[in-house]
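One structure below.
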Amino acid sequence: MSQLLNMDDFEAAARERLDAGVYGYYAGGSDDEVTLRENREAFQRLKVRYRVLVDVSERDTSSELLGVPLASPIILAPTALHRMAHPDGERATARATARAGTLLTLSSISSVTLEEVAEAAPGAPRWFQLYHYNDRTRTEWLVRRAVDAGYGAIVLTVDAPVIGRRERDLRIPFVMPDGVTGVHFDAPPRPAGNDSPIAAFIDQPSINWNDLAWIRETAGDVPLLVKGVVRGDDAKRALDKGCAGIWVSNHGGRQLDTSIPTAAALPEVIEAVGDRVPVIVDGGVRRGTDALKAIALGATAVAVGRPQLWGLAVDGEDGVVTVLEMLREEFSLAMALAGCRTVADIAPDLLSSF
Amino acid sequence: MSQLLNMDDFEAAARERLDAGVYGYYAGGSDDEVTLRENREAFQRLKVRYRVLVDVSERDTSSELLGVPLASPIILAPTALHRMAHPDGERATARATARAGTLLTLSSISSVTLEEVAEAAPGAPRWFQLYHYNDRTRTEWLVRRAVDAGYGAIVLTVDAPVIGRRERDLRIPFVMPDGVTGVHFDAPPRPAGNDSPIAAFIDQPSINWNDLAWIRETAGDVPLLVKGVVRGDDAKRALDKGCAGIWVSNHGGRQLDTSIPTAAALPEVIEAVGDRVPVIVDGGVRRGTDALKAIALGATAVAVGRPQLWGLAVDGEDGVVTVLEMLREEFSLAMALAGCRTVADIAPDLLSSF
Amino acid sequence: MSQLLNMDDFEAAARERLDAGVYGYYAGGSDDEVTLRENREAFQRLKVRYRVLVDVSERDTSSELLGVPLASPIILAPTALHRMAHPDGERATARATARAGTLLTLSSISSVTLEEVAEAAPGAPRWFQLYHYNDRTRTEWLVRRAVDAGYGAIVLTVDAPVIGRRERDLRIPFVMPDGVTGVHFDAPPRPAGNDSPIAAFIDQPSINWNDLAWIRETAGDVPLLVKGVVRGDDAKRALDKGCAGIWVSNHGGRQLDTSIPTAAALPEVIEAVGDRVPVIVDGGVRRGTDALKAIALGATAVAVGRPQLWGLAVDGEDGVVTVLEMLREEFSLAMALAGCRTVADIAPDLLSSF
Amino acid sequence: MSQLLNMDDFEAAARERLDAGVYGYYAGGSDDEVTLRENREAFQRLKVRYRVLVDVSERDTSSELLGVPLASPIILAPTALHRMAHPDGERATARATARAGTLLTLSSISSVTLEEVAEAAPGAPRWFQLYHYNDRTRTEWLVRRAVDAGYGAIVLTVDAPVIGRRERDLRIPFVMPDGVTGVHFDAPPRPAGNDSPIAAFIDQPSINWNDLAWIRETAGDVPLLVKGVVRGDDAKRALDKGCAGIWVSNHGGRQLDTSIPTAAALPEVIEAVGDRVPVIVDGGVRRGTDALKAIALGATAVAVGRPQLWGLAVDGEDGVVTVLEMLREEFSLAMALAGCRTVADIAPDLLSSF
């Protein structure tokens, strides 16, 4: 095995192992993949005005997110159907997340039931990502199952009222491997496109601010976050509806192509939200410095999506641990080189553009 | 046939079917084709700050343009000599436009007479694009024919006092296929360049604001639009002369190279015109998101030129329908993902630059 | 011969005909050739907000420069040693310039004596480019010869106190063909670099503002221009010393690499000089639209250097005529498409950046 | 040997001669090498508004830095383990520096003892670069040795509390040639990465402003500079602690990747420091014009790192002399072409951006 030194190496190695259709499904974005590329570029454009002569011999990368202690402010974004990457699927990812001291956000489109995932890593912090259905019964049933199984927050995806056009999937359709399915759904797999197995799981064009209030009530004491926000006004409104956190995301460039890159959207969301609730951001985070920059912009945590799948494809549970540890180590190194002892030291003055 | 998922696929497929000279004539721009490229880039640079949690289950892409009901605000820009792409020529395009619920702007340089086009799709909305001649008799004769044949507006092209240098045509001259001609003209086909068959049709260097007033009178109750405007002051003056609409265009990058891209020119025209008349824009619209952005900037409609020719070349009338439906579907998807239920919901706050 | 549709075609064709060293000497710039590239980019970045509905049927591209009537405001910049490109050398260029109704600026480093050039095209307007020598006698002798031979202005090059490092010449040294020499100099040809034949001709590191006053007096009634200015303060000072015109230039990117592109320097020079004297600009002008933009920025004329050599190499005198006519036609076309009847109509409001 | 006309030629020639691992260690940067590339780009983006008609026949490139007379304001940045490039190692570099009339900054990670280097070029100006250790005894011992051996300043590196991730070293590990070692250290060579021989030498994560004060005292009358500063506030604080100079550096792009390029950081440091102490800058200086630009921004001197190693690898002491002379000549040429007689003439008004 060639050396796996960074996330791009992991992607290349995973690509060799995965079926072309599955790889394309994981890696691709919508339309011309402009947003997919620009999510990364937006982080890379930010330059660090690092501080010197700070004693960083005892750095603490640990953080906290809505009461969840974290080894670092790098958590897992929800990604679908892990069993396409590895037979152990989300069980492996959950165990790896626990070993790495971070937080799993289980996708609704899991290939292992949320209860089995909970059993696989009982003490580990976990959140549940939710899609909304016109049939409130189903939505309610899923939320209650997640609450009962100890999921600590519900993360409602709001950037997918319909599915984006992922032309890679249409060119190289992926076939669900035998026995792999979205276990929280009865719907049988269907061909690619908006008729794809994935589209079959998601059918929430009617979701709106009123539903948010209702889901909020359904979740009871379990906090609700909205994922997919890129505007300050939407973030504020979510707070007004009782949301406990805002997740800045454009679905990894898989929904509206040419949408604003998340690193560019983050500042207006931070400004709107202030210190009232945590803000999480995903999209293009592939280096410890990306995480540092997001925190400097005011995010509480960053989430990584695709890298967990590359780790899983390369070496199952251990691969995910390696990926998460690598990111945490890169983040620790970035903190040291930027003159930050703790996550709280990572301030906006560290950033410049060039 | 390989998959035709987007406009670029259609172009590639059309290229395989068309004579190289004809393809070059359709696809090319002037000089170094800077404007041809930048028209697309100008749209791609605009980023969308989409809205979330809007009920988009019942979206309405329909629009209206000077009394013409449209399935979406995507109409057809005038393009020349459709019989070079398909034997049915403009008849097929007209029928397809009717089937797709949109508006044809027939070019003066049609290869089918305007009356035959009208007969081919009797109930369909159609406008007529006009070049001006020093011989007012001919201009008047064409306008009256168009009015008599039920063309709902006259679109006067003003960005072509002379023909731009299209070096592709000079390198690979196109030969008019047997029996194809610009049927509204007596002039016989001539070789490429400013001596080309096309140049033979257009000879309007003297056209000026006074002519505009005269054409306006000639058209009587039929509204007159000017196509090729890129400045606010020119747009205002056109309104003063009684124009019913402004069409922002740089002739698809085929006239003055390094002219301002239309998406960059649109804001100053919108500001000058306000809500008084509709503003249409063409140039580089290849995605539903491009149309969304143009509307967000204040345009009433966007027009697509070359894509109709690619559809025609690939599959005649059905090809054009497919192209138009694909664009409308992409536009509907973009609306959904941007949180817009109706075309009226598409507002300037959706845009950002990056 | 493949089609020669534009200046780049002429360069490619000339390259095939010329000795590699000679081509490199003509085409190259200094160091990393950053300025060589950016001179062209600076023009291409400017975008034209063209005007419509202007009667351009009778356009007049003619212009005037210090009393010299011009077919268009496109003149010839001084370039060295034309006999390396064609046996007729500067004689051919002078005849072509006369045929094209424009102005030759003969380089001091001519391979034909200034008197022979004058004889070759007796009635044609011609200026003489001057390098300054520590030996005032030689400088005075050359100026007087030029004045006596009817050269209408002296153009003093001020951006070459020493020769720039042209690494192309060092990698592929050019050898002066038999019998070709800088005829205004006694110095024998020497190897490349600052010991090159060219460097042997130029040795003016001491030139300064005081010399300018002296040269001004020496030229008597013949106006003096300075060529190589990129700053407003230098331009003002030159006017104070009695200069009759400013020539904005960075020596075609052959002197200080990463110097400001001329299209970027032009506005500050225009602002400093106002309407007092004409401003000429060279560097990267390869299209009629480049000339239009320079005039819109306030230049009185543009000068082209290398293209005359490509024309000469391709077809001698006729080649130069073709190049000059092509540029004038492109300029005329750009005027028409920008809505300008006369050179005076070309105003700053035509420009925008994108 | 192909022609060695500039620093890039020297790098290419050195690459051919060096072991791939050694070349990679010298040439590489951290992570994605964004800062490595952008250091050069930041200089190249600055454009020179050169002055004309200044008598530059007698130019003086000489400068002075904290009492050290310099042939030009181009000095040597500390670089490690010269014996990997040439058997004579730092001895050769020191002799070359003396011959070129400039200043050596000897790295702590020298492969020749500081005393031997001093002996090799007794009269030559030399500074000593210092890493700090938790063990104050070792730090003190090194400082005293340097002071005793006539090193005129101590340059404390502050941008390396931990070692950056240099993935090139991890992909192609370099092996210390037989007999080459970091002679100021007892630690035996170890494998690549943070366990690399280099990492073994550097272990200073605890270093902070208090240590700076203590090192300052230890150095006694010998001035102390800090190297690796990119912020105005850090520069000011260093002055408050008694530093005699600020060295703007990001360790040649080898530490925090995507840190601000040094040419972009320089202005804020200059603004903070004013005229109180000299400011040195390194990172991406490969041309005489780069040096000119740094001086124009307000730097007192620029330092070059890698080019000395390329010279050393190509031709030992003579190679380093060639490199240094070449840079000085390019700088002299840039001064001449920018209209500067002396280093003091190089002012901020020479710069523009494009």
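Order as written gives the chain letters A, B, C and D; numbering starts at 1 within each chain.
In the analysis below, a contact is a pair of C-beta atoms (placed from the backbone, for glycine too) under 8 Å apart; a residue touches a chain by one contact, two chains touch by 3 or more.
This is a predicted model, so every value here is computed, not measured.
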Other chains in touch with both subunit A and subunit D: none
Numbering shared by both copies at the subunit D-subunit C contact, with half separating same from different: different
Copy-to-copy rotation for subunit B and subunit C - C-alpha atoms, rounded to a multiple of 5°: 90
For subunit C paired with subunit D, centre-to-centre distance based on mean C-alpha positions, whole Å: 42
Mean-CA-position distance for subunit D and subunit B (Å): 60
Category of the chain touch graph - line, ring, star, complete, other: ring
Interchain contacts, given as pairs of chains that touch: A-B, A-D, B-C, C-D
Touch list for subunit A against partner subunit B, complex: 31-32, 34, 38, 42, 134, 158-159, 161-162, 164-165, 167, 170-171, 205-209, 211-212, 226, 228-231, 234, 237-238, 255-261, 264-265
Interface residues, subunit B side, partner subunit A - complex: 3, 5-6, 44, 46-57, 287, 289, 293, 330, 333-334, 336-339, 352, 354
